[in-house]
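Right after this note come the structures.
The same chain A turns up in both complexes below, where it pairs with chain B and then with chain C.
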Partner chain A sequence: MKILVCVKRVPFTGGKMVLNADGTALETRHLGFTISPHEECGVEEAVRIIEAVGGESVVLTLGPPDAVEQLRDAMSLGIDRALHLQTDAGEWDGQATAGAIVGAIHADEEASGPFDLILFGNESADAGGYQVGLRVARALGRPCATGLKGVKVDGSSVRCEQDTGAGRDVYVLPLPAVITVREGLNLPRYPSVPGRMRAARKPMTTLNRPARPEPRLELVRLAVPGGAGRKTQRLGTGSAAAPAVVEMMRTIGVV
Partner chain B sequence: MSVVVLMEEGDPSRQMLTLARKFGAPLHGVPMDAFTPFAPDSVAAVLEYAAEELHATAVFAAGTDRGNEVMARLAARTDLPLAANCIAAEPGDPVQLTRQRWGGSLLEEARMHTTRALITVAPHSVRIEEGVQPLAVDVNRFQIDAKDQVVRVSEHVAPPGGGVSLAEAKVVVSGGRGVGSKEGFAILEELASLIGARVGCSRVVTSAGWRPHTDQVGQTGTKISPDLYIACGISGATQHMAGCKGAKKILAINADPEAPIMSLADYSVVGDLKEIVPAISAEIRKSR
Partner chain C sequence: MPGLPKHARAVVIGSGIVGNSVAYHLARLGWRDLVLLDKGPLPNPGGSTGHASNFIYLVDHSKEMTALTVESVRQYQELEVFTQSGGIEVARTHERMQELTRRLASGRSWGIEPTSLVSPAEIKQLVPYINETILLGGFYTPGVGVVDSLRAGTLMRERAVSSGALHVSANTEVIGLEVKQRRISCVRTTGGDIETDCVVVACGVWSPRVGRMAGADIPLTPAVHQMIDVGPVPQFASAKSDIEFPIVRDMDTNMYERQAGGDLEIGSYAHRPILYDPEDLPSVAQAALSPTEFPFTQADFQPQMEHALELMPEIVGNERVGVKYAINGILSLTPDGMPVLGESSDVHGLWSAAAVWVKEGPGTGKTLAEWMVHGESEIDVHASDAARFHEHQKTRKHVRSRAAEGFNKTYGIVHPNEQWATNRNVRLAPFHERERELQAFFFEAAGWERPMWYESNASLLDEFGDQVTRRTSEWESRWWSPIINAEHLAMRERAGIFDLSAFTIFDITGPGALTSVQSVTLRQMDVPVGRNVYTPVLSPAGGFKSDLTIMRLGEDHFRVVTGGASGMSDKKWFRDHLPADGSAQLQDLTSSMTTIGLWGPRARDILSAATAHDVSNDGFKFGTCHSIDVGTVRVLASRISYVGDLGWELYVPMEQGLLLWDSLWEAGRPHGLAACGIGVYGTTGRLEKCYRAHGNELETEYNVVEAGMSAPRVKAEDFVGKEAHLRHRVEDPAAILCTLTVDDHTSKSGEKRYMLGREPILTPDGKRIVDRKGRGSYVTSAGAGPSVGKHVLMAYLPPERASTGEKLEVEYMGERYPVAVAVVGSTPLFDPENLRVKA
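What follows is the complex of A and B.
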């Protein structure tokens, strides 16, 4: 089986959103970066499936030169090789991103055979466009199920469980297929030291830098919302605050 | 100058109509449950055909899981741009939008260059205008291709029974890194059982394997709106606040008075949660 998982490099935001000077991006000088949370589960799932049935797992990202960090992270967890669609700075909208990924998939499939399963996160942590996986699936003419918290590959099909808030809906898709997953699908492992050492030697292919198409959904500027406007009242310090807490709970009617 | 709207049960769809009607009239509604079992590509196909036939300027849906999914399928099949989770929208060329990023922790002002605007509206970000009622689209008039019926629900698995869900709980007692261990949650469980609350947690806790992901409050977990949210040993990262900002009141208990949550909450108590939480439980017992 050959599996592809697509990931996005996003900053760890911590407690406060701080924008750059022209307000078009987060100020990330003091932030670390990670694979977007849903996609961390996509990486873990791809590794588990290949561990179970054998074959090859591939990770792909579209992003700046520094995104090699996330590709190495994915390989340190067990992904076999990486494809990097390297971009300059600047925002890629969902259509442009999907278009470049489809091109990379076609090229890889021509060289080394078709992917049986392609995984995306349901939505990225930062832009939250909810669309790249579905656009890629459509362009490839493959079925797609979204927002999955359960995935089971069974021979020539994949059983997909989508959390609906009132239980789970099950879709069974014939392979090859595309799926988008959510955090909670699995508990991703931590990279081991030997895993990191192996990852440094795994193949990383930098693909011809694609030209960024004119965005059809064009970011103008970002803003930090005005907040919930809560005014904080200190109820006390240590266990001595307990009576004040219970009094507050009584006032708002929860005890 | 009509508009096609994808309708679901509940307030988010009614909120969506407030923005949709700015793009034209009349509104033509396609029900999300037009097909049984649910087949998202079939619904997207109906939206496409209806929008074509009616020369719609825009197609709108609520930014629910299903709304975003079906609209992305429509965007993919028509090769049009899609703006998800908007909180404001003005028609024109280009269309002017404000949309949520980072689960609502950041707003993006955007321009959409398109012949037909595809927009989902972030739930609970826009006021409902009373008396807006879309005309019903007769979905049976459209021929649905077999390939648009491949993806369909084949089975439903009922939720595990027992108690109220995290999303619907009136009070949630949550723990973060400060709880220290899986076992450390016992005092939160005790307080929760005394007041009929649900226990929640932050992302750090689920990543460490202390609690299941179903307990996670946050951007990538459950979004909650209880009367009271008690956050114990949680710093208040944007990832977490995106999930609990719907709470009517927030009480933060934290050893660090400088933690972000201590100025984002309505009430705060500084100190060791391992002393404070049992003291609150004891105080409740005493007062009964």
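What follows is the complex of A and C.
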């Protein structure tokens, strides 16, 4: 089996979001970078499937040179090799991203055979466009299921489970297929030290500056919504605080 | 929550381990109306304490750091937050094994017991998951342990609060410090203003930013220390506490590995230095983890992972043990590796308690509080004095270049005489070019480039032949040359010229000058104009704050000359003791005057050839100073000597230094004048004469009587430390400073070895020697005595050991060598009657 998982480098934000001077991006001077929790589950699922049935797992990202860090992270968890569509700075909209990824998929499939399964996170942690997985599936003409909390590969098909609130919808897609997954699908592992060291030696293919089509989505300005950020409300101290705690639990709906 | 007080006796800014500790000890010592602020939440406001690895190794080569650490452990134990685990520094190389014998010796010198060298098999027994096959041995300290520094801080804070002395305000940021007439007057915060004349900056990596609000420099830089946490470790699955196995320091790879509950923590000082500016730190709200936990940079840690895997393959190589947490933790580094403690020399009432790590936190808190309340601390912290920095040492470039250079020496094998490589050539003597022509090998002192010896003097080696001891061991030959001893002999036989530009020089002038100078000196300063006086400067408890020379140049004019290392601290001390009425002023002349030393039996012949002035013994007596003309240079000549020979210190305006050098060189040539490095001045010449040095023999821990420096009478005038000194004069000294010589230098391998200083002095059966005040005997200074044909050591010994001929031992590099007491007290080994200096 050959599996592709696509990830996006995004800032690892603190409590308070700070924008850059012209309000077009997050100020990332103090921030580290990561991938979204959905994508972490996608990586973990890809590793688990290959561990179970054998084959090859590949991680792909479209992003700046520094996104190598996220590819190595994925490989340290067990992904076999990486494809890096290296971009200059600047936001790519969903359509452009999907286009570039489809090009890379075609190239890789020509060289080393088709991907049986392509995984995406349900949406990116920063733009949240919910676009790329669907667009790639459509362009490749493959079946697609989204927002999955359960994935099971069974021979030539994949069983997909989607939370509905009241229960789960189940889809069985023939392979090859494209799926997008959600946090909670599995519990991603920590990288081991040997995994980290192996990751440094695993193959990384850099595809320089894929052609970027004229953006059809323009980022005008970002704004941090009021009330964002970590907030602490002191409910009291000692046993006297208990009624307030219970009241708060009711308010947020946990009791 | 009640609002902030409007007034406070003192405001402590920063509630990490240091701030909590300072506040607690101030309260313990009786101060009330204290306020403790932090811009972050409690109990973990987000500074370096919050992510510290929290383990404490006891032995450091620095006496001062060891003392602060030992005191800290005492407090952590008292607070019941200390878990003893033991610790092993392991060696992968032969060079490191030799270094571990040095660490063992330092442990003995500072009284850390027990300690031992252990074999790879013994290490394996203590740490079953270690790969002992790559190790040659280790240095085991059972007393090493781990603390809960957040809890310790919380307990200290709560104690101070419950005593009613302290008000605590978290989430309160300092936005300004007001200064009036060089004195702190007000702390402005997001919660309101607090009037106070005493502020403690205990802000860790933020300290420079807070100090700057008052116009004061706190020279440190935030820097990265990488740390990862891996787990769950099957070997620790049944762990009942945070730590049950010894902490391992993998010295050769600059790393450590410690159990942390069910996990293993791996830390590194091996990566490239990663420095930030205090302004780079994010706010509490903005930080993803905490403001001092920066995103991990994996690439910097890659080699360290391999090293950890080599050492602990069973854990680190386990595929099921994951990297759960990895940070670039931010900590403080200073340009010389020491903390920044004490009152600012820029602003009165502004105290710094910065660049302090968890291992020395509570000890530092106690020390600073004592200093603030009593005017001095029990532990001598002169090497950490916030006032020690010369101007150039406060610049961003200096701080960053030295911090970067020092970072990778954290676990390094640092030779006691090792010189810094970065940011050199920042202060040059006016005759620097001449020194280069003579192929000087430069050491640095307070930024000044000082010749240690001159390679061009290699020909003297032939001249003095066997009188010059050669060293074969690489360690003792490092940062040393036999030429030093040859220069010494040339000076003793003919004359030497010395670059003394690194002196710190300041004048005290005005109607109140005499009273002011008297108030800080042991010796009588009301001497005739034209006299120079060498004097100890005492601490309130009668220990040595400093020692220096003062020339009386006029009724109301005194010139103070002191060493570069202690110069800035001394200047602050004198300035702090100027009369309040403004009747005396201090003027720093360090960069206006340069000094040349001229000593040796031919010094008079040389000087008289260069001047028309009468420099005969009658015309220019020992202990006097006055102006003479050397050509067109008007020179302040002072007849005094730190090398024990006839001669002068010659003070001239900086721009005429070169002219004077050339004139003396010209006049000296027929007399065989040799340029002599500071190796002669600071070590060989000094030690033969048993002259004491500040920071070596002279520390606040020892008093004048013990140092053998009491005069027959004590002046009538009052001075700092007088009461204590009078008391010391009538009690039996607990120790006496002695000069020892080494009887046999031959090691087991047959090579001759030469001690460099700080080694323990032991009884003939190898036991530590401890005086009745609990102070161990160690070598305060060591060096060659070429004219006496001996290697000379100085050490304080209890009276029962302090008798001439007493046979003792010194431990050096894991072996013991026989030594004997040559002199008790201050009688010189060479020329005991001082005929030469008074010739």
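Some notes on this structure:
What we mean here is this: the second predicted complex is superposed on the first by the 227 of 255 C-alpha atoms of A that agree within 3 Å, B and C clash if a C-alpha of one lies under 4 Å from a C-alpha of the other, contacts with A are read in each partner's own complex, and residues count from 1 in each chain.
To be clear about the criterion, a residue touches a chain if its C-beta (ideal position, glycine included) is under 8 Å from a C-beta of that chain, and two chains touch if they have at least 3 such contacts.
Given the structure is predicted, the values throughout are model-derived calculations rather than measurements.
Of the two partner chains placed by the overlay, only chain B lies in contact with A:38; chain C stays clear of it.
Of the two partner chains placed by the overlay, only chain B lies in contact with A:143; chain C stays clear of it. In the superposed pair of complexes, A:52 makes contact with neither chain B nor chain C.
With both structures placed on the common chain, the touch criterion links A:172 to chain B but leaves chain C unconnected. More residues of chain A lie in contact with B than with the other chain of the pair chain B and chain C.
Touch criterion met: A:16 reaches chain B and chain C at once.
Residues 13-16, 230, 232 of chain A touch chain B in one complex and chain C in the other. Remark: chain A residues 13-17, 26, 37-38, 93-95, 98, 123, 125-131, 134-135, 137-139, 143-147, 161, 164-174, 182-184, 187-188, 214-225, 227-228, 230-243, 245-246, 248-249, 252-255 touch chain B in the complex. Against chain A, in their complex, chain C makes its touches with residues 41, 230, 280-283, 285-289, 294-296, 298, 302, 305-306, 308-309, 316-324. The part of chain B that touches chain A in the complex is made up of residues 38, 40, 65, 68-69, 71-73, 75-77, 79-85, 94, 100-114, 120, 150-159, 165, 167, 170-171, 195, 203, 206-207, 209, 213-214, 216, 219-221, 227-228, 235-239, 245, 248-252, 259-260, 262-272, 275-276, 278-280, 282-284, 287. Those residues of chain A that touch chain C in the shared complex are 12-16, 18, 29-33, 69, 72-73, 189-197, 200, 229-230, 232.
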